[in-house]
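The following pair of complexes shares a single chain, chain A, combined with chain B in the former and chain C in the latter.
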Partner chain A sequence: MATKIINKTVTEFSLRITRCFFVPSKAIQTNAALFQERSETSITNVEEQLLPTIRPPLPIIYSRKLAFPPKFKAVRQAWVSNMDTVEEEKLGLIDLHPEVFAERPRVDIIHENVRWQQLYRHVSYANTKVRYEVRGGGRKPRPQKGSGRSRHGSIRSPIWRGGGIVHGPRSPTPYFYMLSFNARLNGLRSTLSAKLAQDDLHIVDSLDIPTDDPSYLEKLVEERGWGPAVLFVDDNDIMPLNITAASDVHGHYNLMPVYGLNVHSMLKHHTLVLTLAAVERIEERLLFHLNRNDAAEAGRKHRLDSL
Partner chain B sequence: MAGVGNRVLAGTDRALDLLRELPRLSLSNIRSNPKAFKRNKRGRGQHGGKKHGAGNKGSGQRQNFMRLGYETGNNPFYLRVPKEPYYKGHHIRREYPPISLMQLQTLIDTGRLDTSKPIDLTALCNTKLFQLSPFENQYGFQLTDEGLDNFKGRINIEVQYAPEQVIAAIEKNGGVITTAFYDAPSLIAMRDPMKFFASGTPIPKRQMPPENAVEYYTDPKNRGYLADPDLVALERFKLAQKYGYELPDLKKDPELLPMMLERKDPRQIFFGLNPGWLVNLKDKKIFEPEDEQLLEYYRS
Partner chain C sequence: MASAAARSFVFRQHINTCRLDFASCLNIKSFYSSYSANPKEKSPEHYTQYHEVSSDNWKFVERLKPPTVVPSFPKNGSYFSDWTPPPDTPPNLPYFVKRTKNFMVPVYLNFEAIRNQRKITMVKHIEGDIWAMEKDIKSHLEEVTKRPVVSQVHEVGMYIKFRGDYALHVKKWLLNAGF
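Right after this comes the complex of A and B.
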């Protein structure tokens, strides 16, 4: 198994995976166990190989303690499913905080976020020349008087054909601006809520899949009606090796740690898949910022006009 | 109206419910509120062309506006009326930013203030809802009478200024109020104690009030911290007579009594910490001075 993956790493995959391989993760251990089982049974069919998974009786996950329990809103609930079989199995039902996952889906705030994400790194290189930059035009084209024609001082004057451009675009024009902190916070809340309301948000126990075969992931996504574009979000930025390898060949399956979660990526992908750890982390971060009482002081350092 | 079964959905729930029936939210079908983003374009012709809103010649085009108050040769308004020096010396007067009783009650109800301990300027600043800048001549907070009828808190509070009706409202509930003066260096330490302790300087000695504030803080009617306690007790009784309420006996609640009787020394700025002490946050230690000269200096 390991040699197979190393060969693939060298030949097919990027350096990113090489780095992942040398990080000890539990994914490798589980794979080894499965591999042993498979070798004993020696079944040729890939799908049947993966079938025997030992699992305690369902539901495994059935309750979750919410921080800052909501006083006036009903909690949302969502299924937790597995990733280790192609067919979906419901492992349990968990509570989601309504302040994060059932917030009013403000499309205008979502748009504000997307616009900001597209613009803040955009630099326009469109350029036009003003009259002094256009070549020539230093000489008076004809005497001021006596020619019977109009008075001109330069052939590059803006009213001339081939002259300079007034009020034209000047390069480089940065479009950087900072969206306010609360707008970014609310953008995440609105988008997560909209995704959940449209059944485009799925929660899984972990991103451990039994094989690094890309076709496994394809089948899984097809079987469950996800995607085609799927964003997998985990708490940690060191992802399990198998899903890293399986998703690498497809541009539309992407892995992302919680700290990179953003409105643009969530909307770009059809389906958002969060692990339980990611749900915990997202709720913890957003609720912390929604409930902290020193927000004014904490934000003062980052205010652009504070100097 | 959208709904689930018999339940009528409204607000957020309705919006989320509607979203289930709508196409998937994506980068291509979202938009902002109309006119949220102004397009900065130079209009031509009838769309603001010609002068672009700057008018014909003069200040509009050249931005060479006249100085404020100048009326092109007239005797200007600000010189026409005689001088009325209400604000004379405003730059050196002490300022007490207001906190209303309604705000105070809300702070208590929402758990931002702990009523089981005396409430002083540090406690108010630690709610992070009030800013105090001693550099702008702000010498603490005053309590105002807004929300006076709804005030139910039983507290031991120390503020820098309080009118009579506010004192009555607090004492009617069985509370205690003191007005106390703090000089600017003390206030800087008090408004952010963690920052002050981290600076590694000993806790300063609170200075006595300036000459024009001595009268206020020695008056038992104002519950001044320099007033005679016996006279304060008398004034508490007199105020209850004046406003027509029965003064609750503090001794009836022996659990609350020690807290209610807690006061700071006139030289002290933190409860439980004396001037001259040094607080080490890292090792969680407090250092006290032993030098006789220092002890003499910090003695109250």
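Right after this comes the complex of A and C.
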């Protein structure tokens, strides 16, 4: 398979919800041209990938013109490293917008997001029978008067042993609910910021690796102190063939496009690896939603495609 | 434009190649419930005619469209309300209050607690020493209103709540402090 969007905890529904944050918009002027545009299908010629890549002299400072430049907050910087050698090579520094990558992490909002992601697809099948569903009990057990005993109309009444259950769980019970738009938005910001602050977020130029051998990826992760579980995020959902094949044998190395990025997956993996294109797209989309003019439209409930 | 029948033939061809190689069918066109998949549907030219008069005037249409992000305020220096633009330099204080995306001071009057009977003044978007800020605003409010003010500081969310309707007092204080 050329695409690999494997995160077993993320359903198609989750992708649809989170995708809406990252749908491209022409409204924001991005500096995407600064970054190397990668072709959609870099899967054809393996020999081509074995050739050494040509780079400008190091270090490259990826100084960007940030959209919505922060007025009072310092711009956060992060190293950009490579993936084409096992040993980490610092290619340069990149400026990150503090409102996306240096927010004060709200652990409560992160928890809200994780709980929501676990619950919205949960359906409880626990079930109990009410008095009408328990077998028997249609006949009056004894006459109303004259026996000297208590009055009863059914042996399956809830006060009888073996009778029906009152207010028990009924199946199926969906636990679906929608988290508010701002809670989802702030959840992404908080988690990205927490990951960066804890040195669990790494930025690479691209996901191109020279071989499809899984041991290469294992050595790379071991050498750089990542992982064990690593989530690689790229802007494009058609990933390079080599990293797709190399990560395919391991369940804890996962590839994900930006539109699938979500709080649960970021927390589930120890390390988050973003490509430059992914950083650009994430920043652009989150800043757009933070500054959009029609916030009421964004906050409308249960409209997956118009968030 | 290819007819719908021809397109569906191409689609079937794609499905056949799909079994052989996934990469070759990446450009599959999915019709889903589109009306254009209907074989009776004809090309748009059959139903309507249009003439492109001028594309130069499109800029006037663009001008009518609402902005997608909040535009910046006019920097002419005179405004018709009490609103003042955010400062260029932050005041020399251990704390800072960021304006909202609409350039307003983030002070809100909420109705909370028992059937929304309790008036709560809330200051959001605080950065820095939140306790010093709470102390300053509280002493100011007590001085102005001549009565004790109850407050709550939320360090994780970085906001302060005051019990009572002090929204205008707090707004004025923040503007005077230079936020």
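Note that the second predicted complex is superposed on the first by the 238 of 307 C-alpha atoms of A that agree within 3 Å, B and C clash if a C-alpha of one lies under 4 Å from a C-alpha of the other, contacts with A are read in each partner's own complex, and residues count from 1 in each chain.
Here is the rule we use: contacts are C-beta pairs under 8 Å (C-beta built on N, C-alpha and C of every residue); 3 or more make two chains touch, one makes a residue touch a chain.
Quick caveat, the model's predicted, so the values are computed rather than measured.
Visitor: Would you sort A:F288 into first (chain B), second (chain C), both or neither based on which partner it touches?
Guide: second
Visitor: Would you check which partner chain A:E222 touches, where first means chain B only, second means chain C only, and both and neither mean what they say?
Guide: In the superposition, A:E222 contacts neither chain B nor chain C.
Visitor: After superposition on the shared chain, which partner residues are touched by A:E87: those of chain B (first), chain C (second), both, or neither?
Guide: In the superposed model, A:E87 contacts neither chain B nor chain C.
Visitor: In the overlaid three-chain picture, which partner chain does A:R104 touch, first (chain B) or second (chain C), both, or neither?
Guide: both
Visitor: Of chain B and chain C, which one contacts the greater number of residues in chain A?
Guide: B
Visitor: First (chain B), second (chain C), both or neither: which does A:I238 touch?
Guide: second
Visitor: Could you tell me if A:E112 is touching chain B, chain C, both of them or neither one (first, second, both, neither)?
Guide: A:E112 contacts chain B only, not chain C.
Visitor: Could you say whether A:E133 touches chain B, chain C, both of them, or neither, answering first, second, both or neither?
Guide: A:E133 contacts neither chain B nor chain C.
Visitor: Kindly list the residues of chain A that each of chain B and chain C touches, one partner per complex.
Guide: Shared contact residues on chain A (touching chain B in one complex, chain C in the other): 104, 107-108, 293-294.
Visitor: Which residues of chain A touch chain C once you look at their complex with the stated criterion?
Guide: Per the touch definition, chain A meets chain C at residues 1-2, 25, 27-28, 40-41, 43-44, 71-72, 104, 106-108, 238, 288, 290-294.
Visitor: In their complex, what parts of chain C are in touch with chain A?
Guide: Within the complex, chain C touches chain A at residues 22-23, 26, 66-71, 86, 90, 96, 98, 101, 127, 156-158.
Visitor: Under the definition above, what is the set of chain B residues touching chain A in their complex?
Guide: Touch residues, chain B against chain A: 11-13, 15-17, 19-20, 22, 24-27, 30-33, 36-37, 42, 112, 127-129.
Visitor: Spell out the part of chain A that touches chain B in their complex, as residue ranges.
Guide: On the chain A side, the touching residues are 73, 102-105, 107-108, 110-112, 114-115, 167, 191, 193-195, 197-200, 264, 267-268, 270, 293-294, 296-297.
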